[in-house]
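Structure below; questions to follow.
In order of appearance the chains are A, B and C, and numbering begins at 1 in each one.
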Amino acid sequence: MKKNNIFDIITILFVVTAIYLVFFYVPEEKTMGIIQKIFYFHVSSAWVSFFAFLLTFIFSILYLKKNKSTYDGIAFSSAEVGLVFCTIVLVTGPLWAKPVWGAYWTWDPRLTTTLVLWFIYASYLLLRKFIDDDQKKATYSAILGIIGFIDVPLVYFSIKWFRTIHPNVFRSGGGLEKSMLYTLLFSLFAFTLLFINLLVKRIKLERLYVEIKKIKFNRGLD
Amino acid sequence: MRAYFTTLIRIFYKDLVLELKSKDIINSMLFYALIIIVIFSFVITSGSKVYNELSVGIIWIAIVFSGVLGLNRAVLIETVNDSIVALMLAPVDISAIFFGKVLSITIFILLMEIIIIPVFTVFYNINIFAEGIFPIYFLLFGTYGFALLGSLFSFMTIKTRAKELLLPLLLLPLIIPILLAGIKGISLYMGAETSDDYIKWFKLLVAFDIIFTLVIYMLIDKIFEE
Amino acid sequence: MNQKTLQINGICKQYGYINILKDIDIKLSDGNILTLVGPNGAGKSTLLKILSTQVRPTKGEIFYNNIPVYKELNIYRKKLAFLSHKTFLYDDLSAYQNLLFFARLYNLNDPDKKVLELLDFLKLNSRKHGPVKYYSRGMQQKLTIARVMINDPQFIYLDEPYTGLDSRAEDLLSSIIFKKKEEQSIIVLVSHDIEKSYNIATKIMILNKGEVYYSGDKKDITLPQIMKMYREVLEQ
């Protein structure tokens, strides 16, 4: 119990520091102004959601290999938390884009791929909702977790090539100013910590949920 | 190896005989695809600069959406009397049964394409084969990839509470590469400028098919095992 | 020589957190007919599915003729039959096409001859080319039974086989079970009809909540005793 509290405090400290760095430490970008500050959390969320789906992929394979429901719990929890961060990417992206490019949504390859990613993992959660049998639920969603992840690079390249015919309105990243780079790296780390913290909590929650179901079943309540 | 392909062909032959008797799958797909082609004609105008690309897109949308319909039907045949259990218990490779089913669905969708593409040519005044027959390869490989993932997910979704409702939700995001390769590849090939860009798309499509054939070959036992 | 055996050791099956089967042992040999009795949810059907390789056990092993089943899966499957209340038939195909498809799938020698023999036996020759969906229920049931036995199985698993059968199909099934017993096949049967299955059985096992409640030879126990134990289990 205590260990968890310490982990929570560390996570909060890092996230608060990241917020401080973004708002008070790092200078405003010359052309984009204050709105560019959303970039730090946008990129961090994108990284975290991708990492989360990678975990889902790995634990889906492990589940199919070892048939242990713990692995299914981790794969599922990671997909769910990942989807939250993926949603953050999809919300912060347009917020950033509107003042800068004049439109909320551009069919930029990365943003579009993120949207497709969102659909894939939303359907992953949907699939689970519609299966009652726990074993089938785990197996089927593991298969989707594997196929979906392998599909991501193919989706990315196809969207990237599809759009290159039109003029590319995006400047390349170029060199980041040093303080900006540090702030970005710090946010990345803080968000990863936040993700791991949430994931651990979600896995525990899932375990408790299974525990309750088990008790209910044994008492003939289910 | 020979036994594997014999099983595959037997499943396909059985589906073909079934389909020749009922014509359920092809008829419903065909009708749906034609309606899509007609409905979408109201959306685009022929003066458009990207008319080719839009029109080719409509063919693919017709194929994909009617394909979803056909997939559900083709899998329902196996589950309605639990004949899938009988297939599973037969002394043959389960993946051969699955790929036999993929072959049947691929062929059914291709048959539908053979009918709707001439209709499309008349309605939209576009001949996708004007510059050569290469678009056939896009249709072949695209249809196979679609049938491959489609069969996998319809065998899964048919056993859920949502049944056929769930299939498009799972399948459509995943087949975006096929859709884009099919649309862009064919329209680039038809384009005036001589460019080999369409080859890149064709390679993507083939890569998609190979990757998922291998992955599904490795995973397929898990679907049918309880 | 050529003795058939079926043996399972320490079979467990878990679905997530639920234990469907706990540590089941069975040993059967030539001509044994085992009847599984128990209330709903006792794990009878799951056990039958494990024996017929539809479900893999979480723990434990299955042997046929002292060979692990999953080592020579397709050889075992060639010799097994599974019958439930589903028909396993394709409604739009004819009796002839249905039988031929499965005969070929099982790689039988001269499938055509075998199929025609079966159709003759079922007295279906005149209607062999009509779609199965137009057959009467009883006829479909008889066809299903014939279809399932097409590979001359030696290991036969019957899941509530009498449920919903009409009297002619029931007679057919009984005669096939009798014939298969003469041929020294191993049969495992799940049925709600305790009296009927007691009459057929040579061995009886009562399952309750995934565990063996009673297991023994028919000669050691009378029908009233079985009924009494079954009621005990139900009341628990």
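In this text, a residue touches a chain if its C-beta (ideal position, glycine included) is under 8 Å from a C-beta of that chain, and two chains touch if they have at least 3 such contacts.
Since this is a predicted model, take the numbers as computed values, not measurements.
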Which chain has the mean of its C-alpha atoms lying nearest to the mean of all protein C-alpha atoms shown?
B
Note, CA centroid farthest from chain C's centroid sits on chain A
So the centre of each chain is just the mean of its C-alpha atoms; given that, what is the distance between chain A and chain C in Å?
49
Between the Cα centroids of chain B and chain C the separation in whole angstrom comes to 38
Could you give the separation in Å between the centres of chain A and chain B, each centre being the mean of its C-alpha atoms?
31
Specify, in ascending order, the residues of chain A that touch 2 or more different other chains.
135
Contacts with two or more other chains occur in chain C at residues none
Tell me, which residues of chain B touch at least two other chains?
225-226
As the complex stands, chain A meets chain B at residues 64, 116, 119-120, 123, 126-127, 130-132, 135-136, 139-140, 142-144, 146-148, 150-151, 154-155, 157-159, 161-162
Which of the residues in chain C end up touching chain B in this complex?
49, 52-56, 73-75, 77-78, 80, 82, 84, 86-93, 97, 101-102, 104-107, 131, 147-148
Under the definition above, what is the set of chain A residues touching chain C in their complex?
67, 69, 133-135, 138, 210, 213-214, 217
Using the touch definition up top, name the residues of chain B that touch chain A in the complex.
149, 152-153, 156-157, 159-162, 166, 169-170, 172-174, 176-177, 180-181, 184, 200-201, 204, 207-208, 211-212, 215-216, 219, 222-223, 225-226
Residues of chain B touching chain C in their complex?
3, 7, 10, 14, 17-18, 21-22, 77, 80-83, 85-92, 225-226
